[in-house]
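Here it is: the structure, laid out below.
Chain nomenclature is as follows: A, B and C, assigned in order of appearance, with residue numbering initiated at 1 for each chain independently.
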Amino acid sequence: MARRSAVALLHEPSREPSRDEAEIPSAALRLAEALLFGAPAPLSAAALAARLPPGSDVEALMAELARFYAPRGIGLVRVAGAYAFRTAPDLAPALRGEAPEPRKLSRAALETLAIVAYHQPVTRAEIEEIRGVSTSKGSLDLLLETGWVRLRGRRRTPGRPVTYGTTPAFLDHFGLDAVADLPGLDELKGLGLIEGRLPAGFRVPQPSDDPALRADEDPLPEADDAGPA
Amino acid sequence: MARRSAVALLHEPSREPSRDEAEIPSAALRLAEALLFGAPAPLSAAALAARLPPGSDVEALMAELARFYAPRGIGLVRVAGAYAFRTAPDLAPALRGEAPEPRKLSRAALETLAIVAYHQPVTRAEIEEIRGVSTSKGSLDLLLETGWVRLRGRRRTPGRPVTYGTTPAFLDHFGLDAVADLPGLDELKGLGLIEGRLPAGFRVPQPSDDPALRADEDPLPEADDAGPA
Amino acid sequence: MAQPVAFDEGAPDAEAEPAFTVDVDGFEGPLDLLLALARRQKVDLARISILALVEQYLAFIEEARRLRLELAADYLVMAAWLAYLKSRLLLPEPPRGPEPAADDLVGALALRLRRLGAIRAAAAMLEGRARLGRDVFARGAVPGLDTAPGRGAAAETRPGPGPFAGTIHDLLAAYAGQRRRGARAPVSLAPRAVWSVVEARAALERMIGPRDDWTALDVYLAPYLADPGRRATVRASALSAILELAREGRVALRQERPFARISVRGLEG
């Protein structure tokens, strides 16, 4: 059945006999190889046997694979009674030093970030009003830590709350030229992200991250985070 | 100092000469193999070169790896301009086993995806014009969510509509090295259905996912993963 | 999984007739219907007879109306346009007119049909490719092989501190989602802040010393009157509390005339 696939293998299996003839792997061996490669965790002999053609000698296949891969950059190892491919241990120093996996933002943090982007300059109370829940200080702290959100200034209202805005790093990360390029209401609708009847007067603001302070913003004291004012 | 690791290789590399002598891989080849195996995403030639010993011929190493793996259960493929190991396509039925088929794209979504791929950069109005229906909202949203389609920029026409294009993940998913490798693209071009005289002042250029914006596009997103400028 | 795409036709109850089946339900708009009709001519799309196609379309629409099927407006718009095109094709070409030539209209329609047909074919070719996650698999990504719980890939890669990830789609979806929720949220009134009599009494007892001379009550209340929204509750509760203190002989009160300011003096007590 296996229809001839269009995937572009760099080198199609050559069907002519070659000096490697003796090495052409059996169907069971190829499948075992693919299963071990594709498994998210080491596979036990029983798990392998369940997916291989009936009557396959798992031990023999594993021994053959191990021998075949022995000189190579990846090898077959047996861990906790199961089999897995691993990079060869002697390559570890050359392989280490990978950057850690990027951390995904929580939904709360992502929503908070989106509000800061669209509604900046915005205070924490305003973010909470839009989200309808109190924003944990953690979300904002995390966003400050990402370097995508910054303290802009203080709103000239009682309590003088801090205003938040986005940074150039935010634009970089999300591939935006300017926050003004964030889609407006019509485009959000066009994308199918906002559907249904909206109340009259529902607006999506035209965002701006102009660093110049607004008329109702005061500058932050120079020393806001550098010791006593 | 490659300290001897505790991982037990099933079969230690034998140091005696054997009939496989000719196949003993070079250090660079072993490292390239391990890098490709360990990478969470396809590696570009540049990314490989940065981790391989200076002066390594990446193209030659890749060709050698491709040849070596051609008959096996996993193979080297070139997708989105980068290299990755993938299971051999003919093993798909045996590998899928009883796992449910991944979610199928609706016909509308698939058509929308094809239009974006072949006509990119393309606006929503142009997609609707080609399909002759005005309901591609959910489709576009779904395609953005899959990560195969991205916002590219804005067309420099009245209303400044957002332009859409495909992503490297699209190429990876469909096993393509570049959009120029889209199936049937030559035929479509030959029939004048991609370029050429089109009705109603319609301008559909040759598809390209080149992150560089067209003359009639204004920046919105550059490549989603573009680094800091 | 819900069908993510809404079809814009609304005629689910098409009656099937053996000879001539009218069923708009399977079509995605008039262009799709035209393409299907064109395919029935069983010739290369480049050589279809547009006139025959127009007549088939109009007959289809006529039949649908006879059966009282509800047709989406764009089918009727297309029908009107095709009827106009038919008249242009049948009548001799006017010597010169502001409208484009009938041949150009035919060419444009044929091209649109061919283009849609080509995209259909391209979509089918894409669909048929060996696809990642369906036909080929990346390392660790074959489904149904997670046989050793607790030792999955997640357990082996430690999520450490590092850079943060997020896509523009995540961002837009998060924003749109919450604005949409917010737009539908019921109106709720914030509870009014009230300064209770108990709070007022405690504050006044703290402030008014036994030897204080006559002092305007508002002076004591000044810190509480700063917030305009609370002035009424502060005044009312303070008056109740101070009257109670006067009744207990803790303070003396003085007011020169109605609505004049009230002065307070602490009494030894």
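One rule holds in what follows: a residue touches a chain if its C-beta (ideal position, glycine included) is under 8 Å from a C-beta of that chain, and two chains touch if they have at least 3 such contacts.
Heads up on the chains, UniProt names are A, B = Segregation and condensation protein B; C = Segregation and condensation protein A.
None of these values were measured; they are calculated from a predicted model.
Chain A has the C-alpha centroid lying closest to the overall centroid of all protein C-alpha atoms shown. Chain centres here are C-alpha means, and the one lying farthest from subunit C is B. Chain geometry summary: the mean Cα position of subunit B and that of subunit C are 32 Å apart.
Per-chain Cα centroids separate subunit A from subunit C by 25 Å.
Subunit A and subunit B have CA centres that are 17 Å apart.
Looking at subunit A, one finds that residues 5-7, 34-35, 37-38, 51, 101, 174-176, 183, 191, 193, 195 touch two or more other chains. Multi-chain contact residues, meaning those touching two or more other chains, occur in subunit C at positions 125, 129-130, 135-139, 142, 167-168, 173. Residues 1-2, 4-5, 7-14, 20, 23-25, 29-35, 37-38, 40, 51, 62-63, 66-67, 69-78, 85-95, 97, 124, 137-142, 144, 150-151, 154, 162, 175-177, 181, 183, 218-229 of subunit B touch subunit A in their complex.
Taken in their complex, subunit C has these residues touching subunit B: 1, 3-8, 28-32, 46, 74, 107-108, 111-112, 114-116, 118-123, 125-127, 129-139, 142-144, 167-169, 173.
For subunit C in complex with subunit A, the residues that touch the partner chain are 125, 128-130, 135-142, 145-148, 151-153, 155-157, 159-168, 170-183, 185, 227.
The residues of subunit B lying in touch with subunit C in their complex are 37, 77, 84-89, 92, 95-103, 105-111, 113-115, 117-118, 130-135, 138-139, 141-142, 144-145, 147, 150-151, 172-176, 182-184, 187-188, 191, 193, 198-200, 221, 224. Considering their complex, residues 3, 5-7, 34-35, 37-44, 47, 51, 80, 82, 99-105, 107, 110-111, 113-115, 117-118, 130-132, 146, 148, 158, 173-176, 182-183, 188, 191, 193-196, 198-199, 202, 204 of subunit A touch subunit C.
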